[in-house]
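Have a look at these structures, which come just after this line.
Okay, so subunit A shows up in both of these, paired with subunit B first and subunit C after.
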Partner chain A sequence: MPEIVAAGAGGPTRPDERRRERVRIDARAVAGGVIVFIVLAAALLAPWLAPHDPLEQDLLSTQLPPSWTDGGDPTFFFGTDSLGRDILSRLIYAAQIAVIVALVAATLACLIGTLLGLAAGFLRGWVDQLVSRLIDVWMSFPPVLLSIVLAAVVGAGLGSVILAIVVVDWTRFARVVRSEVMLQRQLDYVAAARVTGMSRGATLFREILPNVLPLLGTLLTAEMGIAVIVEAILSFVGLSVSTDTPTWGGMIAEGRQAIYQIPWLLALPIGAIIATVLGFNLLGDGLRASFDPVQRR
Partner chain B sequence: MSGPVLDISDLHVALGGRSPRPLLRGVSLAIAPGEVRGLVGESGAGKSMIARAVFGMLPGGARITRGRIAFAGRDLGTMPVAERRALLGAQIALIPQDPMTSLNPVKRIGDQIGTLLRLKLGLDRTARRETAVALLADVAIRDPRRVVELYPHELSGGMRQRILIAMAFAASPRLVIADEPTTALDVTVQRQILRLIHDLQHRLGSAVLFVTHNFGLVAKLCQRVTVLYAGRVVEEGATAALLAEPRAAYTRALLAATPRLDRPAEALAPLPRTLTDTLVAEARAYDAANPAAYR
Partner chain C sequence: MEKGAVIRRLLLVPPTLFGVAVVVFVLLRVVPGDPISMMIPPGASQADIDRLRALYGLDLSIFDQFIVWLKAAVLGDFGISISRRQEVLTLILNRLPATLELVLLATLVAILLGMGLAMVGAYFRRRAPEWLVDGWVAVTIAIPDFLWGLLFILVFGVLWPVLPISGRIDPGLGAQFGTGFYLIESLLTGRWPVVGDLLQHAVLPAIALALPLASIVTRVFKASLGEAELQDYAQIARARGYTRGRVLFREAMPNAAIATVNLAGVQLTFLIGGTVLVERIFSYEGIGNMAVDAMINRDLPLIQGLVLTFAVLFIALNLAIDLVTRWLDPRLQHA
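Take a look at the complex of A and B:
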C-alpha cells in the first residue's frame, strides 16, 4: 500500500459557505398559511366574529346590497339574502363545515390511502394486485357522481359527506404513495438498511416513509382543497348537512335562484371556496419546498 | 486461528422456477479471519450475486438452490431470522458500490449512523452522538461535528463513501464485503478510500471480501484472489503467485487484457472468443449434467 494520504482531502464541501440549518420558508407557504389561517380563525371564532345570527331572518330587509353600495345597510356588510339573513355571517359560519370536512375527510383519506399504498408498493405480489385493481375499478367511476350516490344512499349529514369523500379519494393517496414507494425501494439506501439487518417493517416505516412524507404533505393539503370543493358540491345539491346550517355550497344554490337580483350572494361563497382551495394548495407546495431536504438543495 | 470466517460451499443460485437460469454454478470460497480476498471477474460473472447471497438479498426471482453459506461455522441459511439480522450490519457489513444513493436522502448523517449504533451496539443518545463523531473522525473527515448535522446531498461522493465505510466498520465486523467500493468514485479519491479500508481492516482485524474487476487494486490490497467466470470459480490462489503465474487460461487472458504501465499498449489483448466460448460451453455442460442443482 502507498503511504497514508493526507486525511480529509475531498473533505467538507466549501467550509466557508456553511449552509447552517436554517429553513427558508417559501413565499407560497406564507401566502397559503395566511389564507388557511384566516379560514380556520373564521371557523373557530364564528360566534364572536359574525355580526349577526346566520339564521336570523329579517323579512323587512331582504336582498339588501353590500353596505358600501347604493341602498346598502351598514349593519349588513355584504348585504342580505332573499330571507333577509346576513350574508357575511353566513359566510363565516359556513367556514366551520368546510374546515371540519377538509381536515377530517382529507386526513382519513390520507391515512387509509397511504397504508394501502405503502402495502402495495412495498409488498408487491398479490397485495399490490388487489390494491391496484381496486384503484382501477374505483377510478373508473366519476368521482363526484360517486360521492353524490354515496351521500344519497347513506343519507345527508356531515358524517356521510366525510365518508363520501374518504371513500372516493383514498385512491389519490394510494396511487401516488404506491408508485413513490416502488421508486424508493429500488434505491440503494433501502438495500443498505436491509443489509444492516433492519426488518422489512422497520425499513418501510423508518427509511422509506420519511422519503414519502414531503410528497404526502403536498397531497394532503391539496386533498383538503378538494374536500372543500366536494363538500360544496354536495351541499349545492342538498346532500350535505341540513339546509339550516350555512354552507358555501348551499349559499351558491340559494344565490343561483336570485342571480339577477343579488349576484353577490352567488359570487361571495364562490370566492370563499376559491380562496380556501388556493390557500391549501399554496401551503402544501410551499411547505414541501421549505422542508424537503432533497428539494431544498 | 479457528476455521474460516466465511465459508461458501458448492453455492448454486438460479433465476426463475420452471426453466431456471443458472447464475452461480457451485461456487466454493473460504475466507480466513483477517484475510483480504479479491473476487475478480467480468460483468455478469456472478461477483455481486455472491455478495447478495451472503446478505440474503438476492434479486427478485433468484434463489439459492444448492450449497451453503456459513459464517464462523454457522449456516446463515438455517439460522433463525432474528439471529441473522443481528449478525448483519454488526459482524457482517457491506460497503456499497454507489455512495451517492446508499444514504437515506432525508436523514441527517448523524441520525443514520445513530440508528445503526442503536440497533447494533445499543448505545444511548449521547453515546451515539459521540461515537458517530468519533467514527467520522476515524475515516479522516474534517470537522465531524458539523458533518453529522448535514444531509447526504450536501456532501461529495468521496465523503459519502467515507461515511459508509465508517458505518460498515462501526461494530468491528469480522467480515466486510466491499462491492466495488471505488467504481462510482473519481479516480483521485479512489486511493484514499482504498487506504482507508486497508487501515480499518488492519486495525480491527476484519476479513474483507473485495469485489472488483480491477487487478491493480487486487495486487495492492488482497492476499488471495478468486477469479470467477460464468458463475464458476476459474482459479484461486495467493495474489502474487496468481498474478505472476496464472494457471488458468482464462486468468492469463484476463491479465493480458488489463492495461499496465510497465507494458506497451500494444501488449493489450482482448479476451479470445474461442476461450470464452469454451468456458461457456463447459458451464452449459455442467448445467446439463446437474439439472437437480437448480431446482
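Take a look at the complex of A and C:
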C-alpha cells in the first residue's frame, strides 16, 4: 500500500511533543471502536449472552425461521440450523475464535514482520538482501492458497490457524516497515542522534521506531480484519478448529449446504464477518487520523 | 527502456523461482505422517514397505530427494496424482484455461468498473456522486472476494434466482470444444448461444473476484486524475477553452493510467489467488477448485504442482507489470 507509505513519510515528531497538542478523535475511530467493542464483548460474555448452548441439538425444531417471521419460535431469535441448534447462540460463541485469532495472529505477525523489516531497513547489506529475497519468494504465492496448504499440512486446530496466518502475513509488516525505516534513516534527526553519540540500536528503537508506530497501528488493525477473514476461509474449507466449535466460516459452510432451506444461516455469519472487518479497518484509519501528526494537519 | 534495469529485474527471477521450489518442497516434506503408510494395505510386510520406499526414492537423503524432485519439476513432471490417478501436469493443463478465462473476465470487469467510477468521482468533484463513489470504495475495499461470491449466490441464486450459481457451462447444451478456452473458442467461432451460457455462468464469480480490485483501481485512478488535472499542461488546455470533461479524459487520463497500472498490478495477483475460494464456492471447474480438492484429499503431488503453477503465474505477472509500467512511463525509461 504505497499511499500509506507516502503519507507516513513526513517529518519526524517526538512522542512527547505530540502529546501536548490537543487530540481530536476521528469519527471513524469511534464507529470502529464501537463495533470492535461489541465483538469483544460478545466473545468475552458469550456464556451469559447466548440464550442456548451453541452445541445443543433440538431435532424436533430444525431449520426454524427467525422468530419474527411466520413459523418462528420466540426462544430461537434467529431460528435454528439443520441440527436444530440456536443460530444466535452459535453466532455469539463464534466470536470467541474470531477474536482470539485476530488478536494473537495479528500481533505475532506484526512482531515478526516488524523486527525483520527494522533489521532490513536499518542494517541494509546482506540482512536486507536476505529479507528482501524472502519477501519476494513469499509474494510469489497466493496468500490464501499458502494459508490453506499450511493449515492442511500442520493439521486442524486453533494453533495451526494462527501459525498459517503468521507465517503467511508477516511480509505485510516487513515490507512496509522496511521501506519506512529506509526513508526515516535519511532524515536529519537520525544523523543528529548518531552525532550526539547514540548507539545504532538506541537510534533504531528510541528514535526511528516511534515514528514508524502510527503506520504500524493501522497495519495491525487491518491485519486483525484479515485474520478474521482467513480464519473464516479456513473453517469454511474445513481446516480450522474442530467442527464442534462454532465458527463463522463453519456456519457459512453449513449455510451453503442448506442455502435453499435456511438462507439466513448463510447471511448472518457473512454479516458478522463484514461488520467485524469494517470495524477493525475503521478503528485503524480513525486512530491514525487522530494521532498521526502528519495526517492530522 | 534502459537495458541495465531490465536485466537486473530479470536476474531476480531465477533466485525467486528457486526459493519457491525450496518452500514448496520443505512445506510438503514436513507433513506429519509417513506417505508410504497411507498407500500400503494393512498387513504389508516390512520388505514391501522398504521396496515402496525405494521406489518413491524415500530412502535417499533429504537433499538428494530435493535434487531428484527439482530435476523432474523443471521438466514439468510432478508425478501422478494420488486421488485422480493421472499425470499432475495433464490435470493442471486441462483445468488451467478455465481459470485463465475467469481471471481475464474479472480483470476486464475490474478495469471498466474501477475506471468508470473513478471518472464519475473525478468529474463530479465535491458533489454527491463523488461521496457515493468514495463510500462505495470504503465498503468494497473491506469485503473479500469470497464473501461477495456467497452474497451473490444468496441474492441472485436464491432470493431472486436469475443466474446459474454453479459450474462453468450447462451440460444440457452438449457443446463440444477443441481447446480448454471455451469462451474464447466459442467467441471466435461465433456460437452465440454457447457464449451466452458461458457468460451467465462466469458473470457472478467474475464480479466477485473483480470488486476488491475495482475498488483499488477507483481509489488510485481517481486520486491520479485529480493530481493530473492540477498539472500545468491540464491548466493550459483548460485556459485555451477546452471543456473540463475533455481536459480530464483526453489530457489527464493517459498520465493517471500509468500510476494505476503499477498499483493495481499488485492487486491483480490477489485476484488470481482469490480464484481458489471463488471457484470453490461456484463449483467452477478451474485449478483453484482443484487445489481445495487436492488439499482435502491430501493429494501431495497435485498440491505441489498447483502451488508451483500459481507461483509461476504470480512471478510472470509481477515481471510483466514491472516491464509494462517502465515501458509506459517515459520518465522511468531514462531513469
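In the analysis below, the second predicted complex is superposed on the first by the 276 of 297 C-alpha atoms of A that agree within 3 Å, B and C clash if a C-alpha of one lies under 4 Å from a C-alpha of the other, contacts with A are read in each partner's own complex, and residues count from 1 in each chain.
Please note the rule applied: a residue touches a chain if its C-beta (ideal position, glycine included) is under 8 Å from a C-beta of that chain, and two chains touch if they have at least 3 such contacts.
Worth saying up front: this structure is predicted, and the values here are computed from it rather than measured.
Student: What is the contact status of A:N281 with respect to subunit B (first) and subunit C (second): first, second, both, or neither?
Tutor: Second partner only.
Student: Which of the two partners, first being subunit B and second being subunit C, lies in contact with A:G197: first, second, both, or neither?
Tutor: first
Student: Which holds for A:L239: it touches subunit B only (first), subunit C only (second), both, or neither?
Tutor: In the superposition, A:L239 touches subunit C alone.
Student: A:L187 in the overlay: touching subunit B, subunit C, both, or neither? Say first, second, both or neither.
Tutor: First partner only.
Student: Using the superposition on chain A described above, determine whether A:P143 touches subunit B (first), subunit C (second), both, or neither.
Tutor: Only subunit C; A:P143 stays clear of subunit B.
Student: Answer with first, second, both or neither: which of subunit B and subunit C does A:N211 touch in the superposed model?
Tutor: first
Student: Starting from the residues of subunit A touching subunit B, keep only those that also touch subunit C in the other complex, and list them.
Tutor: Shared contact residues on subunit A (touching subunit B in one complex, subunit C in the other): 2.
Student: Help me check something: in the complex, which residues belonging to subunit A touch subunit C?
Tutor: 2-3, 133-134, 136-137, 139-146, 148-150, 152-155, 225, 229, 233, 236-239, 252, 256, 259-260, 263, 266-267, 270, 273-274, 277-278, 281
Student: In the complex formed with subunit B, which residues of subunit A make contact?
Tutor: Interface residues on the subunit A side: 1-2, 4-5, 7-13, 15, 18-19, 21, 187-189, 191-199, 206-207, 210-211, 213-214, 292-294, 297.
Student: Sort out for me which residues of subunit B touch subunit A in the complex.
Tutor: The contact residues of subunit B facing subunit A are 55, 57, 84-90, 93-94, 96-98, 101-107, 115-116, 119-120, 140-143, 146-147, 149, 151, 153-156, 158-159, 164, 167, 188-189, 191-192, 194-195, 198-199, 220-221.
Student: Where on subunit C does subunit A make contact in their complex?
Tutor: 12, 15-16, 19-20, 23, 27-28, 30-32, 139, 141-144, 146-147, 150-151, 153-154, 157-159, 220, 223, 263, 269-270, 272-274, 276-277, 280-281, 288, 291-292, 295-296, 298, 303, 306-307, 310-311, 314-315, 318
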